[in-house]
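What follows is a group of structures, each given as structure tokens.
Look for chain A in each of the two complexes below; its partner is chain B in the first and chain C in the second.
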Partner chain A sequence: MHLLVQSIGFGVAAGAVLSLGAVGFTLQFGISNVLNIAYGALMSIGAFLGLFMLGLGLNIWVAMVLGGLAVGACSVLLNRGLITPLVRKGMQPFGLVIVSVSAGIVLEYVIVAVAGPATQSYGNLSGATLNFLGWTLTTAQVVIFGIAVLLMVGLHLLLTRTQLGRAMRATSSNRTLARSCGIATSRISDIAWFMSGTFCGMAGIALAITIESFDFTLGSIFLIPMIAAAVLGGVGQPYGAMIGGLVVGVVSSVSSAYWDPAYQSVVAFGIIIVMLLVRPRGLFGSSSATRKLLA
Partner chain B sequence: MRKALVIPVVGVMAVVAGCGSSTPSGNAIKPGPINIGVVAPFSGPAAEFGTLISAPCYAATDLINQAGGILGHKIQCTPVDDTGDPADAVPNVTRAIATISNFDLAVGLETNTAATTVPLVNKAQINMVTTNGLTNYDTTTYKYFWRLTPADDANGAAMVQFAYNKGYKKIAVVFENNSTDTGNTPGIEKAAAKLGVKLLTNTTIPADASSYSSVASTVVSEHPQAIIFDADPQSTATFLSNYSQLTNGKLPPMITATDSLTPDWYQAVSKAVGTNFIFNQVDLVGSYFSTTTPAFYTYRSALLANPKTHALADTLASVGPPASIYDGINVMALAMLMAKSADPTVYNSYVNQVVTPKSGAVVVDSYAAGKKALAAGKKIQYVGVLGAVTFNKYHNFAGAFAAARFTGSTTSRNAAIMPGSEISKLLG
Partner chain C sequence: MANLAYIVVIAAGAYTYAVLTIGPDTGNGGFQHYILGYQLPFFAAVIAAAAVGAGVGVLIGVTGLKRIRQDYQAMVMLVISIMAATVIGAAPSFLGGEPGISLVPNPFSNLSAVTGAWAYVAMVAFACLIGYLVLRKFTGGPMGRALRAMRDDEHAAAAMGFSVVRMRLLTQAVGGAFGGVSGALLVAFIGGWSPGAWAYVETLALLTAVIVGGMGNDFGVTLGTFVIAVLLLQGVQFLPQIRSHTGLTEALGWMVLGLLTIGFLWFRPQGVFRERRPKYRLRPDPTGDPSSGALAGRRG
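== the complex of A and B ==
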């Protein structure tokens, strides 16, 4: 029982990071309908920006915010410089996926060119170990979980209580109708890409803190679990992605405690398949969002 | 009259003999240098390995060229990027075989891709000196396969022997889920059974997970006296950090393989759990060779002399597989001299003659010394960095093992030596 409780705690800590990334991923997809595989490379850029800022003597949490904002800007540039022009030229969603895969590879090797291929580390920033509710977590894990919760709540308030949030939801729901209602959809799209990139960059830095060492492949490695979390929660649904991330984290952790850890991903993804068979739209998904993904 | 008949007959015989020695892959030597294909990852996450494995090739070829080359040809190392991924390795190696002139020797062919690259190279009738540790090559019948490093199961047995010698009777075993690391497991299980060492957790972990806390928690609950562990730098750092989180910073002694002696591993692990742990609690088990022999001195000097390998000299001088490539290239080069041919289909049958002890043979510890002795009409026995080499009928050689401790970020010193015969008994 102790192991089960502990594993759930470990899973929540790991899932919080996944949630952070998954929310950013699904937010951008929900607004722009582009499956952005370069998201992984942007996450790696975030981790390396964090390293650079630590080198300048900044506090890691300040670096996390600044790094996130910087990746947000990169994300907008990616959209404005590459994705939007191709969408205007009528490129189909599958073509855009390939373009984003290519952009991701190019960005990864830009990192290699600048920072080299070697493994990097922020050093041990875990802080003191905290024991509560049978869970054993580090201070850093607790802070990251807190940041994730704060961002989720903030995002919830933004989407439900502000004019901007309503415009974002309207754009996500029906872009053409939103534009005809006077919403500047391209500006909304920029904001979505910026927010998505900010979440992505922060997730990259949170991940680098958690796993202690990383290289330029960091984002690519964790992209699939993040996409899985987003799909599990319901495509285009930020709350769903948050829950999806936690589910992936907890299931992976618990399964590795009781079964061969080598198969922890198999168990997590197996459960996702079963859940999607039962509920194809994901936990919080709408049919329109699912149709978007399949379009 | 008789003379006139003899000349055409000799001519026909020469043509027939020439046809007999030609090879389907066109390995007969052409003008230009002899190429050694260094089959290793030169791009992607494992690119560091390509750099490490090329260095002994540069050392050996520098010395061979300084000694006048082979049969009037210079020799050079040519990278063949297998990316560490079998899917990329097959087209890349196939292309290299088809396009590289005088591709008469391949080295590297590491574990991740060996299952696909070794058969390709063997089919092309190119000799290879491989560093892969796959146990299925312990009894290979591939004619052109040569290995001077122990298979992974032998390394696993050596890890347990070392643990036993240190007095550890309860150990946990955690490996990354890949063929290189899990190849140790059969040897570990056999050796533990024979030595009466109790294996607690004996499991594998996926690479690059965001957390190994659940596995670490299981290991911690069993209170191992030591842990046998091998994984990539990132996974190792994450696991140790997770473990340390559960034990308020206390970590058990770790026994790992010498492939952890890399700048990446040191960098990742030292940042996660500190250098004190690395210097005082980590033992690296791998093949042993003496660092006081003239052959070692020549090898290390060559590494230091080349700007491409200078910075890696101390790291490489501590690890078996690179030394096996250096020795392997010397053995093959001397076999070419003996055979008077760089064609692998010809010189392959001379490889054993280079290393086999025989009466009246001059013991040589370098290519230059071997070339000189052969030119003087003497028999030779090459005894290089790894010491005397005896290939079994499967072209495998596994010498003694050593456990080493880190002395710097990329250097180590031997702390214990285990005879190869002792390890073989554990696997028998």
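== the complex of A and C ==
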């Protein structure tokens, strides 16, 4: 029983990072309707930026915010420089996936060229261990969980209470109609890519804090549980991705407590395949973004 | 629709060939572990690799039958290829785990190193020739027309009475068999195979070859493969290594590969050689009535 409780605690902590990443992934997809596989590489860039800023002597939480913003800027550049022009040229969704895979690989090897292929580590930043409800967690895990919750609440308020959020939701559900209502959809798209990149970079740094060591493949490995979380909640639905992240985190943590941890990612894989074959629109009903997935 | 999980098929062929020819894993001091461990002759193992490749190809194809958007499907394929490598790597006693399987026997090991290598080149060239002829048979005849119709407009093809599901799975099986053989030939030559050899970036290399050469043009794809595989991925090894930056040249190779893919999709999506479509014209009717002419196919 103690093992179960403890593994759920670890799962929630891991799920917080996962939710951050998955929300960013799904937010951008919901609005711009492009699957961005380069997201993993952007996440690695975030982790390495964090390492660089840590080397400059910055506080890790400051580095997390700055790194997030920097990756957000990279994400907008990726959209403006590559994705949008190709969409305007009439490229099919499948071609865009190939382009984003290629862009991701280029970005990953830019990291290798600059920082080298070696395994890196932030050192021990976990802080004191805290006991809470029978869970033993590190301070860093708790802080990351808090940041994730704050960002989620912030996103919720943004989407529901502000003019920008309403415009974003309108663009997500029907781009053409939104444009004819006078919403500057390409600007909304840019904002979505920026927010997605910011979530991505922060998730990358949070991930690098919680795991012992990482290299340039960090993000592309983490992309699978993130996609699983997004698919579970329904692609394009931020709230679905939040819950999906927690579920995937807890399920894979519990499974690795009772099963060989090497198979942890198999759980994520199973979730993707089962959801895809049984309920492609995700657990939470059908939004227009997920309906678009069904040909 | 390109299959982004194709590398899994190649890997399946390579593993099949390896465990069918290498002998029991108690040999060589038992330092590696894997299943089966037979010592079949070369050709039997290659045929088995083709069969396993076809089977895995069909399995992957089944996930593609669900009617979802193309890019979503592509993502699933990518996930399959990453996951397959992770699972194999995590199971040390199944197919050697992360370190993989080494000391796979070379069919020409009784010849000297240089003669053996050239004999191997000759054999692979022969295999390519056979593969090309089989492919011509497959894509040139009525089957090829049916396939092209399916690719261009699935609904129209279905309306013409073709079973789209059966044809898709058949294509996956044939493609899988090719992949299986190529994996077998590869592993018999390099002598070892591990998850690192088929990371998903390798799929990009295959994809770049196809995109640069020209999708749907057999000659273009063959040429593209030579340029990509020989010049880019092997060629970078001959560049001087920069001492302070290990892995920089390999990184440059992959960066060029990615940029090449993007560049071609941007500026010349049809590739260097565009697809040659068969042209059809009305065969003049001997009775002189143009309306009763029969359609005659001609590759051109």
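Note that in this section the second predicted complex is superposed on the first by the 278 of 295 C-alpha atoms of A that agree within 3 Å, B and C clash if a C-alpha of one lies under 4 Å from a C-alpha of the other, contacts with A are read in each partner's own complex, and residues count from 1 in each chain.
As a working rule, a residue touches a chain if its C-beta (ideal position, glycine included) is under 8 Å from a C-beta of that chain, and two chains touch if they have at least 3 such contacts.
Since the model is a prediction, treat every value here as computed from it, not as a measurement.
A.B. asks: Given the superposition on chain A, are chain B and chain C in a clash or a fit?
C.D. replies: Clash: chain B and chain C overlap once superposed on chain A.
A.B. asks: Output check: A:F145 vs chain B and chain C. Expected answer is one of first, second, both, neither. What do you get?
C.D. replies: In the superposition, A:F145 contacts neither chain B nor chain C.
A.B. asks: After the superposition on A, what does A:F194 contact: first (chain B), second (chain C), both or neither?
C.D. replies: Touch partners of A:F194: none, neither chain B nor chain C.
A.B. asks: Under the stated touch criterion, which partner chain does A:Y39 make contact with: chain B (first), chain C (second), both, or neither?
C.D. replies: It touches nothing on chain B or chain C.
A.B. asks: May I ask you to decide whether A:S265 touches chain B, chain C, both, or neither, giving the answer as first, second, both or neither?
C.D. replies: A:S265 contacts both chain B and chain C.
A.B. asks: Please indicate which partner A:P117 is in contact with in the superposed arrangement: first for chain B, second for chain C, both, or neither.
C.D. replies: Touch status of A:P117: both partners.
A.B. asks: Taking the superposition as given, does A:L86 touch the first partner, chain B, the second, chain C, both, or neither?
C.D. replies: Second partner only, chain C.
A.B. asks: So in the superposed three-chain picture, is A:G95 touching just chain B, just chain C, both, or none of them (first/second/both/neither)?
C.D. replies: The second partner, chain C, only.
A.B. asks: In the superposed arrangement, what residues of chain A touch both chain B and chain C?
C.D. replies: Of chain A, residues 117, 221, 260, 262, 265 contact chain B in one complex and chain C in the other.
A.B. asks: In the complex formed with chain A, which residues of chain B make contact?
C.D. replies: 45, 47-48, 177, 203-206, 208-215, 217-218, 221, 233-234, 237-238, 241-242, 245-246, 248, 263-265, 267-269, 271-274
A.B. asks: Which stretch or stretches of chain A touch chain C in the complex?
C.D. replies: Residues of chain A touching chain C: 34-35, 37, 82, 85-86, 89, 91-99, 101-103, 105-106, 108-110, 112-113, 116-117, 220-221, 224, 227, 235, 260, 262-263, 265-266, 269, 272-273, 276-277, 280, 292-295.
A.B. asks: Which residues of chain A touch chain B in their complex?
C.D. replies: Interface residues on chain A, with respect to chain B: 3, 6-7, 10-11, 13-14, 17-18, 117-124, 126, 129, 136-138, 207, 210-215, 217, 221-222, 225, 249, 252-254, 256-257, 260-262, 264-265.
A.B. asks: Along chain C, where are the residues that touch chain A in the complex?
C.D. replies: Interface residues on chain C, with respect to chain A: 1-2, 4, 63, 66-76, 78-79, 82-83, 86-87, 89-91, 200-201, 204, 207-208, 211, 245-248, 250-252, 254-255, 257-259, 261-262, 265-266, 269.
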